[in-house]
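There are two complexes below, and they share chain A, which is joined by chain B in the first and by chain C in the second.
The block that comes next holds the complex of A and B.
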């Protein structure tokens, strides 16, 4: 620690000060270890926002209420004790099974690729899609506007491409402010509308449910070992 | 050096900005005088019964001598330091009958989220948090003078309970509930979510979201007119507002643009699907309850004749303690508990 302090500065310090400094340094070193630990824990907790995005509430300020959000999260965890929801992202290939009164056997299973994940709380949803009649995967973005190579010329009129270039906003993806918040300045009044939940609140929310989620993960792993593969019966 | 320089620049900027604002404000006040737009007659103000008008005295404050001040203090202490008058003993063995009217509560609308029925169907519910409701006052039928007078000969005069919630502005957090003297409660009685029962129906009164001056499409759900096909300047207009001949005038009550929202409305006949006793929350069917999230609403037993409760209600209110014997969450029979196993349909 002392090596960092300039020589001149140390020599000028009186003896008692030196002792104090040494003591403080020993304390600070132990503190730094705990700090590192808490920082690691914090980072782990913040990782949850990618794994469980639906636990974060709607950032729209008008719809927020702390008690409602707490009750909603409790219900979500209660539901997760009964169904097995693995970690998944947009692009994951997975199967969804559900009970359906209208299918023979009252059981429905769908295998597909996740193309969308949205909503929050109990209203969270995702979209699965698989190949239907040998169609390619759906196009969700207008690729011709992204200046991609290898796009087949569709023989569209010149006007179409000109218009596409006019409407293109290539800078938008670098606009972090747009992602984070919108600020209106109205003659000395500043109104801030957040589009995301702030980091402090995220840690608060996830540290509250972390222990429960970890328990669920452990039980899921145990169940995974126990589960036996049952070959599906061909129907009709 | 660079730092100093930038500091000067920023100071200059602030000064120039301030000047700009000053000139703006000066020009704004000098030239722009707009007419006041009057939106019909204002709603009549009915002051609550506990409201006492302030007496305005024109005398100077210096004229009040220290003796006068002491005297005023004495009078105030004489009036307000009296012990609370002994309440009549609460009669709890009254059997509830459909004709008896209970008090309602003051609640807060805290949001909307779905619940599932045990047959797998989804339903939207609104969460109403019952606030810290206390009985503040009881007016006996003799002394209660309702702001809305009942018509005809009155055989059964009603008393009135005054409730208060949250130590904030009493004009927002108090509410009067009329009822027959049987429903009276002693001062300071706490009303909780256990006042209501799962499966019963309630009415919820709230102030709708203020949407300001709106056109007919938003206000009355008119269809408007086509966007193209030769239509000009009439896309969101109401169109014709009256016929000719004998009826050649605008009939009263014609739907036209105007102020929308910011008025009290009652959503009637909402079923209570779930109750949380820890946070005092009621899950009530439907998502169209007047008012925005976090606004104050008033919840009371429904007045609809066909949705009266069949089982006896706790009358005048639930008086037991909320302890471990009472579950934290009470679900209606039709609702699927989140911690129950997934719904599976039987094969016939």
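The block that comes next holds the complex of A and C.
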């Protein structure tokens, strides 16, 4: 700790009291710096659960196997060194290109919005959605009945909106019984389901692979800088 | 006040029984009596869809009785029996196989040639492999269907 203070100070200042003061302040500041660093690191690690959710194992107790999970994580890191997987979330618009055995000699490329992300470990998966060639109704949910704010006109016939108005329940948000009901159900069946991996375990998992992930991110950034924009050629 | 709340709780309990909650998603399998959507431009198919009387599956030609992509089925359409091929399903598919919002079929005749001349929705590329496998030397040739597809995904 003391080596942090430069020796010049000690020699220059005659008053030992002042030196001591400086020493003590420098010690506290250095401590705070290290504290901040660890805090930042911790925050980074906790951020990883959003960026790389597939590294966390299935919280179901019967599916856990520590060794298998570790091996899978190593495999995932090794795969990521070969293929560039960008950071994405549910709601991101992405393009996926892959080889297609059914059309030999051609790439299969699909552009869409990510609507689902699931699975963990090597069985992680995601779903892309897009509307191709005027399919009839691009959604299955009845969005006109959901009272969505800030959504453009859905382009549906008038009768859909009429029916939505008939079925609307604007009083429901004031209905306290709904909340009571939830409590009631909980009282009836006391079932404890672990829905998530605890924070301690998350930090353990991510601190184990953090250095490798950081290296990968750095290489990705370097590659991004190197990549040259190729203007698409107009066909026909 | 407490008594009032209790009464309310009990009333609520009887009005919505707990057994009515379903949280599992439906399987949307193709089986007998499933309504389907004709996606080619055959006369009978166009008419049936325009009248709002989509065809029903009345037989699935496989061992399980549950239609998967590329399977041949028998449909009841406008009082007639026609054979058809499943070309797009609502059901969850294997990875990289697209899943559609409707159960699409293309009508064929007994020799495997399609009744229409054009398919107006995208067709999964996996059908190339599946239909080729199902076509045997002298039997029915299903690959004619691929020729009238407008687009593959």
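Points worth noting:
Everything that follows uses one rule, which is that the second predicted complex is superposed on the first by the 132 of 236 C-alpha atoms of A that agree within 3 Å, B and C clash if a C-alpha of one lies under 4 Å from a C-alpha of the other, contacts with A are read in each partner's own complex, and residues count from 1 in each chain.
We take it that a residue touches a chain if its C-beta (ideal position, glycine included) is under 8 Å from a C-beta of that chain, and two chains touch if they have at least 3 such contacts.
None of these values were measured; they are calculated from a predicted model.
Legend: residue contacts after superposition of the two complexes on their common chain; A:125 is shown touching chain C, with no touch to chain B. After overlaying the two complexes on the shared chain, residue contacts for A:166 are found with neither chain B nor chain C. Of the two partner chains, neither chain B nor chain C is touched by A:200. Of the two partner chains placed around the shared chain by superposition, chain B and chain C are both touched by A:101.
Residue contacts after overlaying the shared chain place A:68 against chain B, while chain C stays out of touching range. Within the superposed three-chain model, A:177 lies in touch with chain C and out of touch with chain B [touch as defined at top].
Look at A:82: by the touch rule set out above, it reaches chain B but stays clear of chain C. Chain A residues 100-101, 188 lie at the interface with chain B in one structure and with chain C in the other. Listing the residues of chain A that touch chain C in their complex gives 98, 100-103, 108, 110, 125, 132-133, 135-140, 177, 180-181, 184-185, 188.
Across the complex, chain C meets chain A through its residues 5, 8-9, 12-13, 16, 18, 95-96, 100-102, 120-122, 125-129, 150-153. Residues 21, 24, 110-111, 113-114, 120, 127, 129, 276, 279, 281, 292-294, 337-347 of chain B are the ones touching chain A in the complex. For chain A in complex with chain B, the touching residues are 62-65, 67-68, 70-72, 75, 78-79, 81-83, 99-101, 105-106, 121-123, 187-188.
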